[in-house]
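Both of the next two complexes hold chain A, though its partner changes from chain B to chain C.
Now for the complex of A and B:
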C-alpha cells in the first residue's frame, strides 16, 4: 500500500516540482503577509529594530479612536447600501432587459451598461467631477426645475449618496450580466410547456425565471458580502476635506494610519478587526442563504 | 412542425411602460456621462471651461490630448502602466494555468491538500492584509519598484480554479495517448491543454489585465514615489490634487477629460476584441468551488 503511494508520488514528481514555485509565491506573498499583519497588531509601532509586544494595547487604541469608530459606521452604510443596490437593481435590470426581443438593441443596452465596470475608479471619479460640477450635466438638468446650482462634491449631505451611486453606476451592468447569462441557460422547454398550459408571460417570469435564478442570486450575495467592508479605491479617489468624515472607510483608515503614517500596530489591529468582521458576516450570509447546503 | 410562436402573451401595459422607462433611464444615465466626458475632452480649452454642457465638441480638437500627453507628460505613466500590466498579466496567465494543470491531475497524491492550500488564499481579500504586504515587500526591497507591482498578484486562487475548471473539461484520454507516445508532461500541457483551453486563457488574461490596469490599492500600498505612479493614481492626482500643489500649471477641463479618456480607452478597445469570451468566462469564474 505504502509502496504504491511512493510509486505514485515518484511518477508524479514533475508536478510537485512545478508546484514548488507556486507554493512559494503563495507562502511569501499571501500567507506570510497575513500572519505578519496579525503579529504586528500585537506589537508596538516601530519600523526598525525589534518590536516589543504590546498585548491588546493596539486594539484598545483603535477601538477608542473616534475616527476608527466613525469609519466603521461609514463602511457599514456605504457597504450595505452598495450591496443591496447592486443586487436588486442588477436583478431588475436583467429581468427587464430579457423582455427585449430585438437582439441588437438588447446587446447594445447591455454593452452600455457593462462598460463602466471596465473603468478604473479614478476614471469614474473624473466622470463624477465633470457631471456633478457647478455647471455640469446634473446641475443643468436640475436648473430645468429651477433649482439653484449645488456644489455636490463639497456638500457633506451628498458625500455618501455620491459614493454609493458611483458603485452602482460601475457595477450594476456587471452583475446584471451574471443574471443574464443565467437566464439564457434556462431550459427553453420549460417556457414551451408553460405556454401550452396557458401561462402568461408574467407568470413565466414569476414561476420559471425567478426561481431558476436562485442559485445565481445566492452566489452573487455571497460574492458581495465578502466585499462589504473592503471599500477603498473609490474612497481614495474621492476623499476631500469636506467629505472625509462621512466617507472615510475602514480600509482608508488602515491605509492612512499604517502606510502613510507608519502606525503599523494600530493599523494592523484595525485590519484584523475588519477581517474578523468580514469572516463573521460572510459566514452568516452563507448560513442564511444555505449556500453550502445543497449540491 | 409547429408554427413559430410569436410572443402573443405580452406583458401588461403598465409593466411594459415601466420596462421601457427603465431601459431608457439606464441608457441615459450610463451613456450621457460617458458622451459628456468624451466631448469635453475633444473641446477647445476655452469652451471646456466655460459654462454649458457639452455633448458635442464644436469645433472638435485634440489640443486637450496634446496638452496632457506632452505638457504634463502623461505618456510616462501611460507606458509604465502598459509595461506593468502586460508583463504581470503574461506571468499571471502562465503560472495560473500551470497551477490549474497540476490540480486537475487525476490520482495525484496529496492533491486535496494542495487544492486546499490554494483555496485558502481566497478566503481573505488581499486588501485586508495590506500592512503585512507592505512589510514583506519592504523586507524584500520591492517598495517603489515595478518588480514589486508585477510580482504581487502574479498568481491568484481565482485564476487557478478557473483554469482548472477549463482543463477538467478536456478528456483525459488525450493526455494518456500522448503519454503513451512518449510526450513529456510539459509538452502535454502546452500542446494539448493550453491549446484546447485557449478561451480560458483569454478570459483570465483579460480579467487580469483589467484588474492590473485599474489597480489603485496595490499601487498606493507599494509605490509612494509619485514619479513611479501608475495611470489611475496619476489620473486621480490630475483630477483632484494638482490645483493644490504649487509648481504645476493649471490644467483645463478638456485636458483633464483627455486624461480620463486615455485611461479608459485601452480597456474599452480590449473589451470589444475579447467580448465573446466574457460571458462564458465570467460565469465560470463565479461558479462556486
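Now for the complex of A and C:
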C-alpha cells in the first residue's frame, strides 16, 4: 500500500474509526439483504429450507407476465409525471413564495404547503376519498352548477391524474422548501448590485435566482429520478378493481404477486429488475444534468 | 467390605440407570413450543399472555404464543423467509397449498389419520376440503361458515316485502327497487343505494351465481382441463343483473372503492343499505351492535337468506377458505405442536378459542356460562367463533347473538349446498384470479362494456395468465 495513504489513514484514524459503525450499518441492513435478495432471484420459490438454483427461470416468469409488463408502463407514466410536476411546480411555488414580502404570510403559506408531507399515505388516501368520492367535496361543489356527480375514484380516465395529483399535493411543499432554502442562501449583495444597475425583479429572477439554484435543481432531479420506479404507498391506498389496470405499479406487482403469494424468488427477481431500472435511469439523469461535474 | 462395595456399586448402577431413563423421557414442560398466530389468541397483549397460560395448563407444554396484531401474511412471510423457526403457524387455505407445494410444511396425513382426537371431533367431510393430492398438511382453527344474503328486515317490513318469497334474481331486483323508492320518497334518503357488494375479491357474489348453478374459482374437469365457471356463457345473466342494479342506482357505488368495514357500518349504523352478502356470524353481530346502540329491532333487524335458487332447485353458498394451523418442515418440536393442534380440535379447546379464558372472559355458574364485561366485549370470539369440534354444542356459549343460529342453520338445510371455491387442486393463484375477475366484472357492472365483452375479456386474460386452459 502507498506509504502516503497509510500515513493519511493513520493521521485521520479517528474519522475512519467513526466511519466503522456507519459502514457496518449499511453492510448489515442494506447490502446483506440486497445480495441475499439477488441470490434468491436465481433460486426456486421456497420459503423454508434449501432453495435449489433455478437459473433465470424467475426472471423469465416475471418478464413474460402481462401484469408485470403493464406495471412497467404504469410506473413510467406515473413516475415521470410526478418527477416533472414535483420539480416544476415546487420551483414555481418557491419563486412565487420568495416574492411575498410579509414574513408571517410567507411562513404561513410555506407551513400549509409543507404539512401534507408529514401525513401518512393512509391518511392522505382517506382525505382524498372524502374529496373525490361520489358525495365528496368536489362533487358537492360541481352540483352547485347542476353538474352530474363524477365517480372520480372508479373512472379510469381519472385514475392516473388522481394518483399523480395526490403525490404533487403531498410532496410539492417539501421540494419547494428545499428551493426556498437555496434562494435564501443567495448572496444579497448580488441583488443590491443588480438593482443599482437597474435590473427589474423579473430580470433578477432570471439572471440571479434561477442560475443560483442550478446545484439544488440537479440534486432534486437526481433524488426524484430515484423514485420514478418505486411508487407504492399511494397506489396501495387508492387501488380498486376499476383503476387497478391503470395504476398497478412495479412495486405493487412485487408485493402482491411475490410477497403475499410467498414467491420469494419471483419477488426478488421483480425487485432486482426495479433496482436495475432505477440505477440505469439515475445514472442517465446524472449524466444529462452533469451532476458529477465539478462546478 | 465386599458387602459395602456391592451396595455402593448397586447405588452407582441405580443412579446411572435413572440418569439414562431421565434423558430418554424429556420433560415436555421444559421444551419451548413456538406458535405464530394471526387472529387466534388474546385480544391484547395482556390477554394473550393469559391465553398462552391457559393453553399451557391444558396441554402441559411450555408455549410461546406470538400473536401478530396486524399485517399477518407479510409477517409470516418475513419470519419464515428470514429463517425463524416456529413449531406451529396459522395460515389460510391458499397459503397452505402454496407452502405445502414448496415443501415448507410437515406432512400430517399419518398423524391426523391416527389421531383419536381428530377421529372423535372432526368431521371427515371437513377434512376432505383441505386435502392436497390425498394428503393433509394442516389442521383446523375453526369451523368455517359461509357468507349469505343479509337483509335488514326492519326496513323491508316497513315496505311490506315478504322475504320468504325471494328466490330469483328478478325477485331480489324487485325488492331492491321497492326499498329504494320507499327510502327515497318516504324516508327522504336520496340517493339511496340499497345493495352493497364488496367487489375487490368478488367473494360475496356466490348467492347470485347460484341462480345459474355456478361456483367461484377455477376447477379441473375429468380430462385435467382447468376452467372458471364465472366466465362461461351460462354466467351471463348474473353479470347483466349486476349491471342492471348499478345502472338503476340499486347498487352502492362504494362497492368498488369501499372496504367491508364501510359496508358493515352502512348496514347497522346508518342503515344506508338494506342488503349485503356477509358471513353468517355477521347476521348476529349486526343485530348485537344495533342492540348496543338501541336500534334493534326497530331500525335494524338483520336476517340471513340463502340467496337464489339454482336450476336444480338448490341454493349454492360458498364455504369460507379454511383458517388452518400447520407445522413448518423446520419445526423443532412437531410432536408437541401436534398436541396443541389436537387440543384446539377438542370441545375444551373450542371453548377457549371462542368464549375465551375462564375467570377473565367468563365464569361458570351452575354449569352455565356467565360473561364478564371483558368477555362481552370480546363477543365469544378468540379466533374461533364456531369451534371445529363436532362435540361442541353452541348452546355452551350461552345466548347467541340474535339471528346467528338461524343463519348458520341455513347451511344445514337439505336444499342448500355449501362448498369451497375452486382452487384448481391447490394450483390457483387466487390473488391474480380475483384481480382479473373483479376488473372485468367492474367494467361490465359500471356499464363500460357489455356482459359478453367482459366475459370474453376475462376468459382471455385468465388464459393468458395460465389460470385456465
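Methods note: the second predicted complex is superposed on the first by the 263 of 295 C-alpha atoms of A that agree within 3 Å, B and C clash if a C-alpha of one lies under 4 Å from a C-alpha of the other, contacts with A are read in each partner's own complex, and residues count from 1 in each chain.
Keep this in mind: a residue touches a chain if its C-beta (ideal position, glycine included) is under 8 Å from a C-beta of that chain, and two chains touch if they have at least 3 such contacts.
Note that the coordinates shown come from a computational prediction; the quantities given were computed from them, not determined experimentally.
> Judging by the criteria at the top, classify the pair chain B and chain C on chain A as clash or fit.
Superposition check on chain A flags a clash between chain B and chain C.
> Which partner chains sit in contact with A:67 here, chain B, chain C, both or neither? Use first/second/both/neither.
So A:67 only meets chain C here.
> By the touch definition at the top of the document, which applies to A:241: first (chain B), second (chain C), both, or neither?
Only chain C; A:241 stays clear of chain B.
> Touch check for A:264: first (chain B), second (chain C), both, or neither?
Both partners, chain B and chain C.
> Which chain, chain B or chain C, is in touch with more residues of chain A?
Touching more of chain A: B.
> Once the shared chain is lined up, is A:196 touching chain B (first), chain C (second), both, or neither of them?
Touch status of A:196: no partner.
> With the two complexes superposed on chain A, say which partner A:129 touches: chain B (first), chain C (second), both, or neither.
Touch partners of A:129: chain B and chain C.
> Answer with first, second, both or neither: which of chain B and chain C does A:144 touch in the superposed model?
A:144 contacts neither chain B nor chain C.
> Touching A:45, do we find chain B (first), chain C (second), both, or neither?
Second partner only.
> Does the superposition put A:177 against chain B (first), chain C (second), both, or neither?
First partner only.
> Can A:256 be said to touch chain B (first), chain C (second), both, or neither?
After superposition on chain A, A:256 lies in contact with chain C alone.
> Identify the overlap between the chain B-contacting and the chain C-contacting residues of chain A.
After superposing on chain A, chain A residues 129, 240, 259, 264 contact both chain B and chain C.
> Once bound in the complex, which stretches of chain B touch chain A?
5, 7, 9-12, 15-16, 18-19, 22-23, 26-27, 29-34, 36-37, 40, 51-53, 95, 98-99, 102, 105, 107-110, 114, 117-118, 121, 123-136, 151-152, 154-155, 185-186, 210, 213-214, 216-217, 220-221, 231-233, 235-236, 239-240, 253, 256-257, 259-260, 263-264, 267-268, 271, 278-279, 282-283, 286-288
> Using the touch definition from the top, list the residues of chain C that touch chain A in their complex.
73-74, 77, 80-81, 95, 98-99, 102-104, 199-200, 253-254, 256-257, 328-330, 429, 431-432, 435, 438-439, 441-443, 446, 448, 461, 464-465
> Across the complex, what residues on chain A touch chain C?
These residues of chain A touch chain C: 45-49, 65-67, 129, 133-134, 151, 153-154, 156, 240-242, 244-245, 256-257, 259-264.
> Tell me, which parts of chain A touch chain B in their complex?
Of all residues in chain A, those touching chain B are 5, 8-9, 12, 14-15, 18-19, 21-23, 25-26, 28-38, 40, 92-93, 96-97, 99-101, 109, 112-116, 118-123, 125-127, 129-131, 135-137, 140, 169, 172-174, 177-178, 180-182, 195, 199-202, 219-220, 222-223, 226-227, 230, 232-233, 236-238, 240, 251, 254-255, 258-259, 264, 267-268, 271, 274-275, 278-279, 291.
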